[in-house]
Structures are given as structure tokens and as C-alpha cells.
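Following are the structures in question.
Across the two complexes that follow, chain A remains constant while its partner is chain B and subsequently chain C.
Now for the complex of A and B:
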């Protein structure tokens, strides 16, 4: 069941109605469990396809309990190594194609995000004062929450538990209105904006992937830059629209799910970008990989002067792993290397610039408008070039880079940087104008006008959807 | 240990880590208020605090800290 589909909306609305029919928390928890199971069942052709996922959940629970009871380093290491090994086996990474596999196809959707939740619980089970085992029922609802199972946001267990304690609360009209309006905005992003960007991307990328030898390099570079930029737009609006839909539905089930995006293209650096894009994934990697790694390095190399260089290493490893996690083939290793290189070069630039300019001049330099917009443009350009790995395979990537060459690639980066920098200026001006218009429009806001606004958005979704015939798939489901 | 004493010791640690003796920490002080408080210096700060107060923070505790007030609360819960 695709989350950005009418089927999902009807399913979630029906579940919300049944959920609110009775205020009893146990009843509501049962409804959530049944909704989670029904959601998983929608992906199954036969029952046995769910068995590996069920085993992974049970195994993860066992590892959490082992670490909670022992609270030792070896138990933690054992729990993490075995859980990751099972995940890698089930995920069928291409570089492990020689390993034996299960003799039937099975469900792996959501496996990555379930892994994040289980690892979080395994690590925290060692340090948190949990005197009782995690309740298996809550564990099932937490790991298999139908709203967040496929692609997040990655909610922390303690926040999920707080939500469970407010299951019995009644909804108020404001929450319902805000949820519905955000669902509609989510569909505008997915079905209108991302569908349009995808339409452009499909058209442009066909020329790029075909690698037409007769096309002049300049034209080919422009096509590549435009295709890559369209894909970034498609990726952002598709994913953030999806997040709007699930977070808004969370409100209808008394769940306060964490935000996953915060204006990523306002970022002035690659590192800041990842504090704004897929934030719950970035936080997860920060807590469970970057911080322990930095602690290890900083404990072994205690000179303060070395700290920035240790940071460069830690950033490289963290972003490499984060990139590789996105897929199971070689092209995702390239993506991981590009992510790692972006993060470490970014950190090195910050360190060197600070050393050359000194503290006060560095601060003043960072506030210059031209520098800010160039950095925003460069951040967009680098991310856009790096995510090329998400829409080509390894052979296509090699052909693309061979066709572009160093000059074509540099020209594409430069062109994307300039266009994105001017785009950021235009965006900021537009946003300031919109804020003023909104300030005036809010005076006329009432039940009629705000519902008319939502109705007009629904008409827009219907009109554009009929134009494209089919809404684009949820792109992040593949990762 | 009293809250005031914790702030006193933290002021010294922050001054050393961020090379700024003029810092006057408050509960609501965040990374945005202290020049140079990024993810790297945060680790150095955490290690210095752990050493000074003889405490140990978990990965989640380190990652979740939002301001100095939360850091003080965390230290109080462990000493």
C-alpha cells in the first residue's frame, strides 16, 4: 500500500474512525496493532513472506533483552554484531550475492527503519535505567508503526511511549483541521510539485542516460544539470510531502511524530544541510555512530589541536555509512564516498578558513550575503550531483562521467551553483512577499475561507493528477 | 552538589573548551549562543565535563542535550 495513495488515505481514515470510536487506551492500542498488521499484510502475497521480518523482530527483541539484563560491553557488541549480520543477510546486498539465500521471496520493506529502532533500543538498553523488559506489545507497535515503518520519521522509543500514555485523549476540532490541511498540503507536494518535477526529470534524464554521442558537450551538460536538479526537486517534494502525510495522520492517532525536514535548501553548508534534511536519520547517525566514534578518537588523541582533523575522519566515516545504507549495490558505495567527501571537505574548509582569517574575521566573513548565497548554491549543487547515484546504475554512472569528463562535470557544478544561488535570492524575496500577503490574508481567515482554500488545493490535486495519469511512487521507499 | 557550584565549574570548563573567559552560562544558553560550539567541540566539552564531575554520559544523553540547563540537570542526576 503506497502511503501517498487514496487507498492509504481511506485505510488510515477508517482506522482513525475505529480508533476514536472508544476512548479506552487498551482498545486504541489494539486498533493500532491491527492497523499495523493490516498494513504489513497489504504487501504480502502469501503468509510465509512475512516470516523473516517476524524473525528479525523477535531476534532484535532478544538482543535488547540480553543487553538490558547484562549491561556489559560484550553483550552490547554481540547484540549489535548479530543484529547487523542478520539485517545484511536479509537485505541481500549485491556484494554478498554468493551467500545462500532463503528459497522464497520475502518482505523487506521497512527493514532498514526497523533496524534503526532496534539498534537504538539495544544501545540504550545498556545505559538507560530500564528495570523491566520492554513490553512486547509496545515493541511491536513501535517497530511496525504503519505510519513510520516504511521510511520514518525515526521516532525515539521514549517519545513513542509518551504518545502511548495519551492514547485515550479525545481529538479537538483544531487538531483535526490542522491534520487534514497538512495531509492535503502533503498531497500537493507529492501529486502536483513532485509529479511535475518527475515529469521533467523523466524527459531530461532519458537523453542523459542514453548518452547521445551526437549531442554537443555543452548541450549534454545542460541536460544533465537540468535532469539532476529536477530529480533533487522530485526527491525533496516527494519525501517531504510523504512526511507531511504521515506526521499529520499521526496527529489523528494521538501520536506526535518528529519533524524530518527544516528548509534544507536554506542550508549554508553540506553539514548544515544534513541537519535540515531527513533530520531523524541524521540525528540517529549522530547519536549512534558519529558521537561514539568521536569519543573514541578524542579519548585516544587528546590534543585539542587534533580535534578538527579527528572530526574530518569521523564525518567521513559517518557519511560514508549513511550513503552506503541507501542501497545494496556498488553505486551506493560511490554515493557514500561522495557524501563522506562532501562532509569532510566541508569541515576542513571551515577549519582552514577559521585558521586563516582568525575568529572575528571568520565570523564577519560568514555573515556576508554574497558568501552566504554562494554557499547555498554550492550546497545544492553538490547534493544534486551526489544524488545522481540514486537514479543511475553503476554502468550508467561510468558512462555519464566519461561523457561529461572533468570539464563537463565542473561546468555542471558551476552552472548548478550559480542557478541555485540566484534561485535562493529569488526564493527569499518571494518568501518575504508571501509572508506579507499572508499577514494581510489572515485578517480574512474564517471557517469558510480556510475550507475554500483547502477545497481549491484538492481541485488542483485532482486536475494535475488527471494530467499525469499516475502519481509518482514514493521514491524513498526504495532506500 | 548545589546547582550554583555546578554552574561555577561549568563556566571554567566552557571557558577552557571554547577559549572564552567571558562566558556567563545560564540554563537557557544553547550552542547558538556560544561561538565555536559545534558537534566536534561538543564532544570535547562532554569529555571535559565527564572528567571534572567523574560521571559518564550515554550516547543518547549526549545527543539529546539542548541547552546548559539540561546539561546541569543531567550532571545533578548522576552525582
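Now for the complex of A and C:
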């Protein structure tokens, strides 16, 4: 069941109505479990396809219990290594194609995000004072929450438990309206904006991927830049729209799901960008990879002068792993390297600039408008070039870089930076105007006008959807 | 639960009110049009439907009334070669409908037939004569033909129209009809604002799209008549069709099997079928693909010979190389002759069957 579909909306609305029919928390927990199971079942052609996933969940639970009971380093290592090994086996990474596989097709949807939750529980089982085992029923609802299973957001277990404790609460008119409103806005992002960006991307990228030897380099570079920018727009609006839909539905099930985006293109650096883009994934990697890595490096290299440079190394490794996680083929390793290079160069720049300018001048420099917009433009450009790896295979990437050459690539980066910097200025002006208009419009807000507004958005979604032959896939489902 | 139901009710009511207003405005801007006479997908761009598949899919309800009809199915050369205004006077006893769709293959023609028969009464089916215009380019296998990034793999252009407004949904075994065929006109009324909006957007952006897509302006009939195809352009056309077949040098049998089933179904419904093998320039007719097509065609005709109500018109080498605008489309000056050849053949067949001649000499 595709989350950005009418089927899902009807399913989730029906589940929400059944959920709120009775206020008893046990009843509601049961409804959630049934909704989760029904959602998983929608992906199955036969029952055995779910068995590997069920085994992975049971195995994960066993590892969490092992670590919780032993609370030792070896138990933690064992738990993490075995869980990761099982994940890698089930995920069928292409570089492990020689390994034997199960003799039938099975469900791997949501496996990555279930892994994140299990690893989080394994690690926390050692450090947190949990005196009782995790309740299996809550564990099932937490790992297989139909709203977050496919692509997040990655909720922390303690936040999920808080939500479980408020299962019996009643909704109010405002919460429901806000949920409906956000679901519809999510669909506008997915079905209108991302679909349009995808349409442009498909058209432009066909020329880029074909390589078109007869096309002059300048024109080819423009096509590449435009295709890459369109893909970035598609990726952002598709994923953030998806998040709007699931987070808003969470509200209808008394769940406070964490936010996953915070205006990423307002970021002034690559590192800040990742604090605004897929935030729950970034946080997860910060907690479970970057911080332990920094601790390990700081323990082994104790000179304070080295500390900033250790950060550079830790950022490189963290972003490399985060990039590689996106896919199972070689091109995703390149993506990881680009991510790692972006993060470490960014960190290095911050360190060096701070050393050269000194703290006060550095802070003042960071506040200069021109510098801010150039940094925003550069952040967008670098991310856009790096995510090229998500829409080409290795051979196409080699051909693309061969065709562009160093000059073409530099020109594309420069062009994207300039366009994005001016775009950021225009965006800020537009946002200020919109805020003013909203300030005036709010005076006319009542139950009729706000529902008419939502209805007009639905009409827009239907109209634009009818333009395109194919609704865009949820792009992050592939990762 | 109360608040969810209340909010849903408010939203649905707002949607209904808003939609009625939009529908009213849309109908005021572009009143509903009731088709008189035969259909011709070539006219699509001048209508609210704009594209040939959409014109066909949404407009076919006018075939519901019983009449003696000549229905042409094929691709763009059938559409351009047999113009309604030229063919209709030659067969005055039949209502001519040219429902060909550019870029079709036989599978899509089969779908077109199924969509037509869905609106026709049993008597209407018996009173229909189908002309199926073919050449080797229509025999591209489905896996190669309907596999582009902008569509679900396997969706033909007609499939896209089925799903576009939710008249059909995707099922495990193919499209599943949601809107009953009897309610097609009501469905048309419901989507009228979208058709209007779509046309408005396309009309407004026509200049911009032309500039972005660098499309060449359409040739006038005079320019078409003056066209000369140099050898290098001929080579490009040949290469294009080789690429369409995935580089293969022989036409696969797959689409001939679809054609057999199509002809048999028309005959089983009581209709008659004329398969017209359309004209080609010699430089295209000599290609390996066309040779293999001709070989398959010969075998196929032998197998079809005993079918009552089936006939075949050989037009492949009827016209000279100078009479083509490109690889398959006739120059405007020659289209009357295409129609005349076809009408004569239909007349001969009806004469054989003991029916009053349909052709006006």
C-alpha cells in the first residue's frame, strides 16, 4: 500500500475512526496492532513472504534482551554484529551476490528503518536502567508502526512509550483540522510539486543520460544542472510531503511523531543541511555512530589541538556510512564518499576560517548577507551534484563525468550555486510576502473558509494528477 | 471519532460546493458538445479532448446509436491517409469513423475495438465494418512499445486515458472498470472542469512548450506536397524503426496473433473486417523488417482466407516514392486516391456479400 495514495488515506482514516470508537487504551493498542498487520499484509502475495521479517523482529528482540540482561560490552558487540549480519543477508546487497539467498521472494520493505529502531534499542539496553524486558506487544507496535515503518521518521522508543501512555486521550476539533490540513498539504507536495519536478527531471535527464555527443558542452552542462536541480526538488517535496502525511496521521492516532525536515535549503552549510534534512536519520547517526566514533578517536588521540581534526575524520566516516546505507550498489559508495567529503571539507573550512579570522571576526563574517546566500547556494549545489548518484548507475555516472569533464562539472557547480543563491533571496522575499498575506487572511479564517481552502487544494491535486501519466513513486522507499 | 467525522463532513460538503461552482463556470466557458456524424481522432486538437487517445476514449459514447458504420483503426498513416471528408462521400451508406491513434500497435487497436464494442448494441456490432490499417511498424511487441519512463510499464496510450480520471483502476489482472459504461456521459460531465483546465493550461503554455521542446511548427499542406526525402533522412527513418524493434531485423509473430484474435472477435460479433496493408515507399519496403513482415503476412493471409466477412486490400506498393511526406505518411495531394482504393475494395466486398454498393463512383 503506497502511503501517498487514496487507498492509504481511506485505510488510515478507517483505522482512526475504529481507533477512536472506544476510549479504552488496550482496545486502541489492539487497533494499532491490527492496522500495522493489515498494512504489512497489503504487501504480501503469500504468507511465507513475511517470515524473514518476522524472524528479524524476533531475533532483534532476543538480542535486545541479551544485552539488557548482560549489560556488557561483548553482549553489545555480539548483538550489533549478529543483527547487522542478518540485516545484510536479508537485504541482499549486490556486492554479496555470491552468498546463498532464501529460495523465495520476501518482504524487505521497512527493513532498514526496523534495523535503526532495533539498533537503538540494543545500544540503549546496555546504557539505560531498564529493569524489565521490553513488552513484546509494544515492541511489535514500535518496530512495525504502519505510519513510520517504510521510511521513518525514526521515533525514539521512549517517545513512543509516552505516546502509548496517552492512547486513551480524546481528540479535539483543532487537532483534527490540523491533521487533515497537513495531510492535504503533504499530498500537494507529493502529487503536484514533486510530480511536476519529476516530469521536468525525466525529460531533462533523458538527454543527460543519453550522453548526446552532438550537444555542445555548454548546453549539456545546462541540461545536467537543470536535471539535477529538478531531481533535488523532486526528492525534497516527495519525501517531505510523505512525512507530512504520516506525521499528520500520527496526530489522529494520538502519536507525536518527530519532525524530519526543517527548511533544509535555508541551511548555510552542508553540516547544517543535515540537521534540517531527514533529521531523525541524521540524529540516529549522530548518536549511534558519530558520537561513539568521536569518543573512540578522542580516547586514542588525546591532544586538544587534534580535536577539531578528529571531528573532520568522524564526520567523513559518518557521512560515508550514511551515504552507503542508501543503496546496495557501487554508485552508492561514491555517493557516500561525496557525502563524507562534503561534511569533512565543510568541517575543515569552519576550523580553518575560525583559526584565520579569530572567534569574533568569524562570527561577524558568518552574519554577512552575501556570504550567507553564497553558502546557501553552495550547499544546494553540492547536495544536488552529490545526489546525482541516486538517479544514475555506475556506468552512467562515469559517462556523465567523462562528458562534463572538470570544467563542465565546475561550471555546473558554479551555475547551480548562483541560481540557488538568487533563488534563496527570492524565496525569502516571497516568504515574507506570504507571511503578510497570511496575517491578513487569518482574519477571515473560520470553519467555512478553511475547509473551502482545503477543498480547493484537493481540486488542485486532482487536476494536476490528471496531467501526468504516472504518479511519482515515493522516492525514499527505494533506500 | 466525532471530530474526525465532523471534519470529514465539512470537507466533503466544501468540496461539493466548490466543485459545483467550478463545474458551472466550466460549462459556461465551454458548453458540453454533442458529437454529430462520424468521429475522426485527427480533429482531437481542435476539441476539449486535445489528444487522439483522449478523444477516442471519452467521445466513443456517440457510437452507441445503431447505424451502418465504417470504423477505421490504425496508426497515424491510417488517420492521415483516409480523411473523413474525403472518404465519407465515397461510402454514403456508411457513417465513417476514423478512430486511428498515432503511434498505435495492434494491441492498442485491439483495446480500441474492445472499448467500441463495450458501447455498441449487438445490432450495432453487426452493422459495423472495420478497416484495420497495417504496416510493419504496427507490429512492435508490447514489451518494446509500451515501456517508457513516463508510464507504468505496459500501459498503452489508451490505458493511460482509462486511468487518468479514475474511470478505471489498476487490478492484478489489468484495468478494472469503475465507471459503468452506461454512465460515460455522466463521467464526462463530472470531469468537464478538468478537461477545460487542461486545455486552458495547454493553450496558454503552447508557446513556452514549443520553445522549450524546440518543436518544429506543423507543415502546411502545400509544404507537405513539396517534401523531398533525401537519402540521409531515409536512413534515419529506417534506423528509427529498427530501434523500435530493439535492433531486431525480423518482425516477431506476437502482434500477428493479436491481430488474428481481433479479426476473429469482430467476425464473431457479426461485423466485417477489411485489413488494409498500407502503402510504403520502396526504400522502406526493401528493409529486412518489411521483408520478414511480408513473409509473416503471406502465411497469416493463408490462415485467414476461410474467414467469412474478412477481406484484405494490398496497398503496399500502390503509390510511388514521391507521394510520401516521410516514411509512411501520404502527401495531401494523394490522400483522395488512398480513400478511393479503400472504398472500391469495400464496395467489391459488399457486392460479393450481396449488399447494395456503398461506393459512389
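Everything below uses one rule, namely that the second predicted complex is superposed on the first by the 477 of 479 C-alpha atoms of A that agree within 3 Å, B and C clash if a C-alpha of one lies under 4 Å from a C-alpha of the other, contacts with A are read in each partner's own complex, and residues count from 1 in each chain.
To be clear about the criterion, a contact is a pair of C-beta atoms (placed from the backbone, for glycine too) under 8 Å apart; a residue touches a chain by one contact, two chains touch by 3 or more.
The shown structure was predicted, so the numbers you read here are calculated from the model rather than taken from an experiment.
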Touching partner for A:405 - first (chain B), second (chain C), both, neither: neither
Which of chain B and chain C A:73 touches, first, second, both or neither: neither
Partner chain(s) touched by A:123 [first = chain B, second = chain C, both, neither]: first
First, second, both or neither for A:363, with chain B first and chain C second: first
Partner chain in contact with A:290 - chain B first, chain C second, else both or neither: first
Touching partner for A:62 - first (chain B), second (chain C), both, neither: neither
Partner chain(s) touched by A:307 [first = chain B, second = chain C, both, neither]: first
Touching partner for A:133 - first (chain B), second (chain C), both, neither: neither
Contact set on chain A toward chain C in their complex: 13, 16-17, 20-21, 171-173, 175-177, 180, 199, 202, 206, 252, 447-448, 451-452, 454-456, 458-459, 462-463, 466-470
Residues on chain A engaged by chain B in the complex (per definition of touch): 120, 123-124, 126-128, 156, 283, 286-288, 290-292, 294-295, 298-299, 304, 307-308, 310-311, 347, 359, 363
Contact footprint of chain A on chain C as seen in their complex: 1, 3-8, 10-11, 13-15, 17-19, 22, 149-152, 155, 160, 164-165, 191, 193-194, 197-198, 201
Chain B residues within the chain A interface of the complex: 35-36, 39-41, 43-44, 46-47, 58-64
